[in-house]
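Listed after this line are the structures, all set down as structure tokens.
What follows is chain A paired twice: with chain B in the first complex and chain C in the second.
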Partner chain A sequence: MARSRWFWRIAFLAIPLLLYLVIVVGPLLYSFFFSLTDWNGFSFDFNFVGLENFSKIFVDPLFGNAIKNTIIWMAAALTLPTLGGLALALALNSRMRGARIYKSLFYLPICLSLAVVGQIWIWIYQPRWGLLNITLDSLGLVDVSRAWLASPETALIAVIVAWAWQQTGLAMVIFLAGLTSVPTELLEAAQIDGANQRQSLLRVVIPLLQPASVVVIALAVINSLKSFDIVYIMTGGGPFHSSDTLAMMMYNESFKKYFMGYGSAISVVLFLIAVVLIAFYFRQVRRLENLYD
Partner chain B sequence: MTSSTPALKTVQDEAQERRSNRLALAALYVTLTIIVILYSLPGLGVIISSFKTTQEISQGGLWSAPAQINFDNYDEAWNNGNVRTYVVNSFLVTIPATLLSILVGILSGYVFSKLPFRGSNALFIFVVAGMFFPPQIVLIPLFRLFNSVGLYDTLWPLIIVHTAFGLPICTLLMRNFFSAIPAALRDAAVVDGANEGQVLLRVMLPISLPALAVLGTLQFTWIWNDFLWPLIFTQSDSMRTVMVGLVTLKGQYSVAWGVQGAMAVIASIPTLVIFIFFQRYFIQGMTLGAVKG
Partner chain C sequence: MNMRRFALLILLVVALTGLPVLAQDAPEGDTFVTVMHYFTGELGREGLNTIFGNFQEASGITVFDNPIGHEDFKTTILVMAAGGDLPDMFSYWAGARTQFVVDSGRLAPIDEWWDANGLSDVVPASLAAGATVYNGARYLVPFGYHYAGLFYNPTVMADAGITEFPTDWAGFLAMCETLKAAGVAPFALGSMNRWPAQFWFDYLLLRTAGPEYRAQLMAGEASYTDPEVVRAMELWKELVDAGYFVADANAYDWTDAADQVANGEAAMTLMGTWITGYWNGNGLVPVEDYDFFPFPSIDEGVSQAVVGPVDGFVVSAEADHMQGAQDLLLYLLTDTDAQTTWAQGQGALSPNVNVDPSIYTPVMQKAADVVAAAPTFAFNYDLATTPPMAEGGLNMFAQFMNDPSGYVSYLEQTEAVAVEVFGK
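Entry: the complex of A and B
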């Protein structure tokens, strides 16, 4: 009996785990290995250079710049789509008629590819006939309108706004799921105790949304680390690296300049940052589970 | 004691409250409608312009209504031999990778849920954690791996990588789903002499259709929309998928904005269809994948 159980465990797990080890875990370890080399991407051979790539990281102004932009991205991710998603979820959670249609329209962008989202927003920012500049011009704000994606001051934030447009729907979905777990008895009790709408929102609903908030915040931070597709499509990290994120810089160093060793070192740093964030997230989730079980 | 205490409410107060409630609801509708229109504008602009001639766009901008609905852009996009190749390639990658990732998820999810062993929980977390890491950390080793086995610039790396990277989410959802199935169901089948393979195939899978639908919609959408892997692992036009092709062809149609719009719409149709018909599963997957993480 016990033997046949082990037979099935191994039979079922063999292929999934083998795949995971060969395609995910192994390559991850190999990234550490390549970060100690000067591999150029073409030739089969490479030399060991020790920690040279890592010492380069700390003096490379482009790396500091990418870190800064990634932090800006995270900060924006924690505000724009998170608060927007929360506000929409609260507004749409009421038993208003037609809420379903509104919800669908807000989460429709989630099913679009970031390649398409980027394309859509390139047109919004198009200098001559883009929606943004047309609107600004018609409001008499001709001085404000500009080539948004070609100006170093605005390129990063313009890309983030496009990304946030899609992420808002995702945050809304998670907050809405969290709201369904708020018991109506609790709200009625608060009302009977004389709480007005604002009070019951701040004291009852928002605290009960804590698990959903942890998820939304974690997703925002982790997805910020992954920010690549939309940057690649809208600006490629430019102009003058003004919209370079860590993931974008890693790609450029590795697959544009063919510094695969240096690119690996950047990916190792990316991995370490992700580990810290993910560990923090798992701890929060576990804490919440203990709280509610 | 203030007059807001419910017990002291007069009839007049209540009538006033009802009136102000109705006013607040109307304000909510108006605000939400304005927001939803603004929110949909970016997408609408692309759809509208895909029906306009290039001349119309450069004169009136993207945002004016077309003089007449005109399918020339779709004709042009579809009859560009490459677009059809891209779409076919996307299906050739997405369908097998979706099915395979769900299959490995079923196998490992079943073991983690119904055949746990010492350390299986840690192994489960180890597998699920893969979901959160930026793919950049395995880019270079995988690039080298597929180059050295001669699979670079074929569709195989895409299928393999999507299956492996789908394992975490598929394992997570299937384990949670199987865990909700009463153990008695499995025990009864085992008493009747069924082995684990038969239990999974004949008892578990037939009642897993909702979970399979959730995973099917999620995986299809993610894989179809993916941009990074085909960018790294393919090079020739005959191997590009539609999202990368979209960006590649932008150069060819740099001023034919209507054609670009039509291509973006064509590339999004499969996921839009999925979203419209399987919205319930799609949203369920989004929240389950996020909240239970």
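Entry: the complex of A and C
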């Protein structure tokens, strides 16, 4: 009996494990391997260069620039969609008319692929007939309107706004789910104790939303490390690297400059950053679980 | 026991359906050929469909083709090369990009096939020397080529009172001033994707420092901080500072710039002959609605090189269907109907001397004449220098169009890239 149970365990685990090895672990090890070479991506042969690619990372101004932009992205990701989603969730959790329609509307962008989101916002930012500049011009703010994606000062933030527009809906849904788990007894008890609306929000609701917040924040951090697709669509990291993120730079070095070894080294660094953040996330989740058990 | 059999069955089904997908490939034999190319949408997809269809009918060889847009093509072909799964043949840009793949050992030389078919009598010697030969062997079959010139809107020029087109720098500046006074921006430029700006750098450098110096710069034997390069950038800066370019060049694509010329907002754009294909597709009539003149000379005594790209096809070193690939290549280059369809559809110039010039529009005939009379055919910047260097240079051009005042520091940054790329 015990033997056959083990057989089934292994049999059922074998397929996903095999897929995991082939699709995730294999390429990961491959990247580690190539990060120690000068492979150009095309040739059959390459040389081992030790840690040369990694030492280049520390002096490459483009890498510093990409790190800076990724940190800006992360900071924006932690604030814009998180606060926006929380505000929307709190507003729409009440019994206002048409709340369900609004929820659907705010959630809708999540159903679009980031490529589509990027294209929509390219049109919004279009300098001549884009919605944004036309609106600004009609408000008399001619000095404010500009070529948003073509100016190095605004390109990064313009892409982040487009991205946050989509992510806010996701944060809202997670917070809404979190709000349903806030027991009404606690709110009533707070009311009886004389708490006003602001107090019950800050002292009761928001602390109870902590599990949802952890999910939203973790998603924001991980997604900002992954930020590539929408950048690729909207600016390609440009103009002249002003909107380069780590993922975008990794792509450019590997596929545009044919420095596959260096690109792999960047991906290894990106992987290490992600590991640290994910470890932190798991620690938080475990702490929360202990708290509620 | 039944459960176990069931599970094993599922495993088997997964294995049987999964593995063939992984190993999928075109059928063996010589009646097939797989082709990847970047001729999509406005760059000749339709014409190529016709050509492949005709070839299939005439030869009985089935063409599996896969068109991918320029930028994505560069990545896709790299990924396929890394996976050891290159198509039998693929379109590629003659010059440093082909050199790069040749150096990586992924292409099959075609010298014997070229000689056996007497192709040296088909392709003009000047074109063949620069575009087809790498490291002493022949690798690329030219399919079409282009020439970059100043394409203008004749109505705008006539309205501004311009009837003669300048051949020297003073005349060129005077014309710009006239246009500006008439309330038209002389130049449209859509450098959103960076490359359209390169033709300015190419011509300004070629007309001042000459083709030999430029070749040295492209090969990493000269410096971006040399006075020659600084002078070219200064000339460019004068044009931008004078307000001759439509504002926000980096916000637009080359087709936007073409539209700005077509609708009279700008007088001209420095672009390749593929712009004629785009305009023809939009219903513009050659000569009547658009025409071109060559980039004027700047310094006396400097040879009047022309700039442009050569599109060709190369054969993978591991091609499974070598015969099919060779038959298709021969057809693409030597069949005058195919060449005519391509030249007319894409707005390309034919590398085949047997193609009757009368198939061209008058504007393209003029372009062919200009190229034929030129002492040097130079590849445009991103095809003349290695891919990682081109990345650095193209960035510099976009940076320059955003704010020309920092050109000295941009050149220093670019030289730093050159030092790294060429190991100077």
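Things to note:
One rule holds in what follows: the second predicted complex is superposed on the first by the 293 of 293 C-alpha atoms of A that agree within 3 Å, B and C clash if a C-alpha of one lies under 4 Å from a C-alpha of the other, contacts with A are read in each partner's own complex, and residues count from 1 in each chain.
In this text, contacts are C-beta pairs under 8 Å (C-beta built on N, C-alpha and C of every residue); 3 or more make two chains touch, one makes a residue touch a chain.
On a predicted model such as this, the values are computed, not experimentally measured, just so you know.
With both structures placed on the common chain, the touch criterion links A:I15 to chain B and to chain C. By the touch criterion defined above, A:L139 lies against neither chain B nor chain C after alignment on the C-alpha atoms of chain A. Which of chain B and chain C touches more residues of chain A: that partner is B.
When the two structures are aligned on the shared chain, A:I222 is found in touch with chain B, with no touch to chain C. In the superposition on chain A, A:S43 makes contact with chain C only, while chain B stays out of contact range. When the two complexes are overlaid on their common chain A, residue A:F255 makes contact with chain B and with chain C alike.
By the touch criterion defined above, A:I71 reaches neither chain B nor chain C. With both structures placed on the common chain, the touch criterion links A:P127 to chain C but leaves chain B unconnected. In the superposed pair of complexes, A:A189 makes contact with neither chain B nor chain C. Judged by the touch definition given at the top, the superposed model places A:S264 against chain B, while chain C stays out of reach. Shared contact residues of chain A, touching chain B in one structure and chain C in the other: 8, 11-12, 15, 41, 44, 126, 255, 260.
Only residues 4, 7, 11, 14, 74-75, 78, 81-82, 100-101, 103-106, 192-194, 248-251, 387-388, 391, 395-396, 398-399, 402 of chain C touch chain A when the two sit together in their complex. Only residues 4-6, 25, 28-29, 31-32, 35-36, 39-43, 45-46, 49, 57-58, 61-63, 104-105, 107-108, 110-111, 115, 117, 125, 127, 129-130, 132-145, 148, 160-161, 163-165, 167, 171, 195-197, 200, 221, 224-228, 231-232, 243-244, 246-247, 250, 257, 260, 264, 267-268, 271-272, 274-275, 279, 282-283, 286-287, 290-291, 293 of chain B touch chain A when the two sit together in their complex. The touching residues of chain A, counted against chain B in their complex, run 4-5, 8-9, 11-13, 15-17, 19-20, 22-24, 26-28, 30-31, 34, 39, 41, 44, 88, 91-92, 94, 96, 102, 104-116, 119-121, 123-124, 126, 129-131, 134, 165, 170, 173-174, 177-178, 192, 194, 196, 211-212, 215-216, 218-219, 222, 225-226, 228-229, 232-233, 246-247, 250-251, 254-255, 260, 263-264, 266-268, 270-271, 274, 278, 281-282, 285. Residue ranges on chain A touching chain C, taken from their complex, read 7-8, 11-12, 15, 40-45, 126-127, 146-147, 149-152, 236, 238-241, 252, 255-260.
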